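Read from first to last, the chains carry the letters A, B, C and D; within each, the first residue is number 1.
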Amino acid sequence: MGFWQRFLQLDRKWIFIGIAIVVIIPLIKPLGLPIKPTKPVIDLFTYIDTLGPESDPVMVVTGFDPSTMPELMPMEQALLRHCLTKGIPVISFGGLYPAYIGMAKMAIDEVSADFPDKKYGEDYVFLGFIPGVSAVILSIGIDIATTFGNDYYGTPIDSLPMLRGVKNYSDISLVVDVSGSSTPEYWLMYAQERYGVNIGVACTAVSAPAFYAFLQSGQFVGMLGGLKGAAEYEELMARKGYPTGRRPATIGMDSQSLAHLLIILLIILGNAGYFIVRRGERRQGIIRRKK
Amino acid sequence: MSISTSIWVWMAALLTLMVYSFLYKDNPFYRLAEHIFMGLSLGYTLTILWYNYIIPRVYEPLFLPPHQWSLIFPILLGMMTFGIFSKKYSWLIKYPLAFYVGGYAGLRIPLLLQSWIIRQVEASFLTPDKFTSLMSSINAILIFAGLFATLIYFYFSKKREHGFGAAAQVGIVFIMVAFGAAFGYTVMARISLLIGRMQFLLHDWLGIM
Amino acid sequence: MRRRLPVIIAFGIGFLMLIQYFIPHPRSEEFYNVIVQQWFIIIFAFMYIFALRSFFMHHITKVKRKKEGYIFSAVAMVSVLFMLLSGLITSRGPFFDSLYNYMIAPLQGTMFSLLAFFIASAAFRAFRARNVQATLLLVTATIVMIGRVPIGDYLWRGMPDLVEWIMTVPSMAAMRGIRIGVGLGAVATAMKIMLGIERSYMGGE
Amino acid sequence: MLIGLLFFFGQMPITVVATTDSISLKPPTNLRAMDTPNDHGESITLFWDRPLDISNIEGYQIFREAEDESLHLAGYAPVNKTEYLDQLGLRNNVEYQYSMRSINPEGVVSIFSELPPVVTAYPQWFKKNEVNILIMIIIYLGLVVYFVRIARKGKKIFLRRIPGLDALEEAVGRATEMGKPILYVPGIWPMDEIGTIAAMNILKPVSKKVAQYESRIIVPCIDPIVMNVAQQTVKEGFTEAGRPDRYNQDDVFFLTSAQFAYAAGVNGIMVREKPATNLFLGVFFAESLLLAETGNATGAIQIAGTDRVPQLPFFVAACDYCIMGEELYAASAYLSEDPRLISSIKAQDWGKMAILISLFFGSVFSIFGLRFILSWFSAG
């Protein structure tokens, strides 16, 4: 049996080992493969980047649980970092479902630890979960203080200096929903269409195609899709010289790229082998027939 | 960063490794993780069922005032399942099954019609607003043709001859492109999951990245 | 009668649930809620008794007969009781949450992530250009795969756009076609059940 | 929650700042309030015309008052809107008085608009906007019944082959030859999905074949109702084949209750029991490839079928045969050889044809500005 024949029957364990290697090695020793930001990411980044300390706050909504955390946590952290770096007031909203609040807390705690000069209540606030889903989105459009009452830590909204003068969506420059589900559609339907607030979306690679239509129609300001979107956002921040932290998405993206390349390589080699073996078999067939 | 000292993180890490051992071959570690997993998930489901469903939707309405006595009917219906213990009355289980399956069948009909048929058809008409540019016109016609061919591919009661056969051939071309695209598209998400698990092992557990 | 009554029940409740959809009145919503959130749940709960019986019988038999690997059956049974009791005793307290977060969730995530390996081996094995159809499948998959990572962008600027075009034009056309077909088939099946033409789900006649 | 909100809004002071700005700022005109149609009540729709000069306006504040609700801010709409749906804290059959005013970015407000007549929200008994769906159901039901009647008269219907189903018999036979069991995985969704019901419908003819071949079938279940149905179905299948003695209830069992735990368990069964044939028929999600790839590694013949479109590529890649989409529903009819079931497939085809014709003529007419066919397919 020739090399190609054996290759075609390659035990899948070798493929598994290959995938493990190309995923693990870049995580330990990042390669720094180049990343080229795409338009939806640039749009969202630029929108936030033009804001400043005097702008209306940006609201970052947490919409994911541990199952989609690998993709979405880097996005949420990059967005929070960007805002804090630029001094844009940030409202971190713990989400429409109770399962998301833990993720939101983790994100804001980790990021704010890197910005010791930013004060809670003045530079950023953290709003907790309240039940109601679409009713919550609607009532933020009327009055934030009465919707939430207190922030996550139990402080009345009225006594948070940052939120003075922030009444509803008309005083918010952008809502970004970092979501592992279809909640961006709720924000679109209830906040954007009803109240005209700008919406950005950060979602998993799987749900990104579903939101493309809204992006094209201009209903979303911009979009981060999957680990790639997060990595592009980190890249844009790095280009501007902003602090980016550990850049988890960029690190992950190296693994992602290598894994894709390995799979493609396997497909190509598999087909090459297939054709070589088949041609060999055909030739043998011809020889046999001649005999 | 250094290796984790939390017993919980260690537990999670060991279970993770046990599952990955399946990639080499079936072994007692995988088998242990598998059975723990099956057991814990079932226990979890039962707990959730108890607190989120049985207590608020059955126990409380029935035993707390105002008593919702009508719930006796589904309970009787449910008790009919016990018929399977006896040969003579085993047919009794057909009643709750008929109720449950029949009810859902009726419930699904308008929903299926709306989201799987009407919305899809509604979006597929070639209306003048789809012909704003050359590219959009080509795309609109391609989608339209692809949809036609795919539907014809699934036609059961006609021989695939002449035009019909050709259309079905075109249909399978579109279907294969769609499958390839879906496959390729999913690769990214699956690799991301693996990266997430590896980051857990390397960062949260071993503390080496 | 014994044969017809279940069919009549299936039709009756099916018809009511169908009509309910078209009535927005709170009465109709209440009917829906009672049936779906209470009646169906109760039937479901009774069926669960049998599911649990099946689960434990399956494993107890293994342990009793000391079948190969019976120890794992014991582990499975202990795990159920352990999780259930820790949920009930602590009324879903932090310990219960930790069991979920550090045992169930990682197991779930890891099982899910096995797909990264399997998708690679499946692609290697299945994506061979045997005929036109298979070639289309593998070429599209490869293009989409490469267009999704930054390298695709470097190979050819238009790569991400091409991927998007594939997703939104030919792929969408086929997906829609399949969906409409599935919709028609599912509605027909549901109607056959309501009409009692199809009743293998209750064991047949 | 909503009651709480209402309470808050009720407490809110309304500050009216009268400045020169507030005089130049004009309120919306022609405010109309009506009950939102085709709903369960508790909702009112407002319409208005924009003021002529909107240059300095940021949006409109909407106020509401009732006998037991003092005048309070009930909503907000951005400047370009002319419609608002009020659903927060409304009650049926209560008379509400609405009013509106404009607000500029500095928070300066205009005077109130003219008051429209009082309005009440009330529920309706029929969704008039979805009557098209009802009509389609009736027509389709008529088609199904019609073809079933024709079948009773004994008219033969041509059906094309489905390769996966043709292979089924061979796959069952192979398992018997090898003396190994057949694994039937009925998906991971409860009995409320039509795809799962279809899986149960196929299970009966399959188990009948299994009994005829004196083979063994293993059916691990994830849902209690599916398990009960599967037990009934397999038992009946064995009985019909005249082999009730071969039915083993312990082979149709409840495995566990969660998606990936189930996948882990089924994988375990596949590598330990080494079934000769794996059938994955029903509703599958991400676990599809986990199962199919493990089954492939054990060398089993695999036939898969699902109505979940996103999972089809994985089954196509990792299984020997794949029953695609609606073929799953047709499969039980094909296998049962019951003319009544087979005939209903004809109704499906007619449905397809009707859709194709509507799409074609709807598109052609719409180019000439006639949109009546399009309106049949508007969802609500």
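The working rule: a contact is a pair of C-beta atoms (placed from the backbone, for glycine too) under 8 Å apart; a residue touches a chain by one contact, two chains touch by 3 or more.
Being a predicted model, the structure only gives us computed values, none of them experimental.
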By that same contact rule, can you tell me which chains touch chain A and chain C alike?
B, D
Taking each chain's centre as the mean of its C-alpha atoms, give the chain farthest from chain C.
A
Cα centre of chain A to Cα centre of chain D, whole Å, reads 27
Just give me the whole-number Å value for how far the CA centre of chain A lies from that of chain B.
23
Length of the line joining the C-alpha centres of chain B and chain D, rounded to whole Å
12
Where chain C touches two or more other chains simultaneously, the residues are 18, 21-22, 40, 43-44, 47-48, 50, 52, 55, 69, 101, 104-105, 107-109, 111-112, 114-117, 119, 121, 123, 125, 127, 137-138, 141-142, 145, 148-149, 167-168, 175, 178-182, 184, 186-187, 189-191, 193, 201-203
Would you give the residues of chain A that are in contact with at least 2 other chains, written as numbers and ranges?
12, 16, 19, 23, 205, 209, 226, 228, 256, 259-260, 263
Residues of chain B touching at least two other chains:
19, 22-23, 31, 33-34, 37-42, 44, 46, 81, 84, 93-94, 97, 100-101, 104-105, 107-110, 112-113, 115, 117, 121, 124, 144, 147-148, 151, 154, 175, 179-180, 182-183, 185-188, 191, 193-194, 196-197
Chain D to chain B touching residues, read off their complex:
130, 132-134, 136-137, 140, 157-160, 191-194, 197, 225, 228-229, 231-232, 255-258, 260-262, 264-265, 267-268, 271-272, 309-310, 312-314, 316-317, 324-327, 330, 345-346, 348-349, 352, 355-356, 358-359, 362-363, 366-367, 373-374, 377-380
Looking at the complex, which residues from chain D come into contact with chain C?
38-41, 92, 123-127, 130, 133-134, 137, 140-141, 144-145, 148, 191-192, 194-195, 197-198, 200-201, 203-205, 221, 223-225, 227-229, 232-233, 235-236, 240, 250, 253-256, 258-261, 263-264, 272, 286, 289-290, 292-294, 296, 307, 309, 312-314, 316-318, 324-326, 328-330, 332, 336, 340-341, 344-345, 347-348, 351-352, 355
Using the touch definition from the top, list the residues of chain B that touch chain D in their complex.
19, 22, 25-26, 30-31, 33-34, 37-42, 44-46, 81, 84, 93-94, 97, 100-101, 104-105, 107-110, 112-115, 117-119, 121-122, 124-128, 144, 147-148, 151-152, 154-160, 175, 179-180, 182-183, 186
Give the list of chain C residues in touch with chain A in this complex.
101, 105, 108-109, 112, 116-117, 119-121, 123-125, 127-130, 138, 141-142, 145-146, 148-151, 153-154, 160, 164, 167-168
Chain B - residues contacting chain C, complex
8-9, 11-13, 15-16, 19-20, 22-23, 31-44, 46-47, 49-51, 53-54, 57-58, 61, 68, 70-71, 73-75, 77-79, 81, 84, 91, 93-113, 115-117, 120-121, 123-124, 139, 142-151, 153-154, 171-188, 190-191, 193-194, 196-197, 200
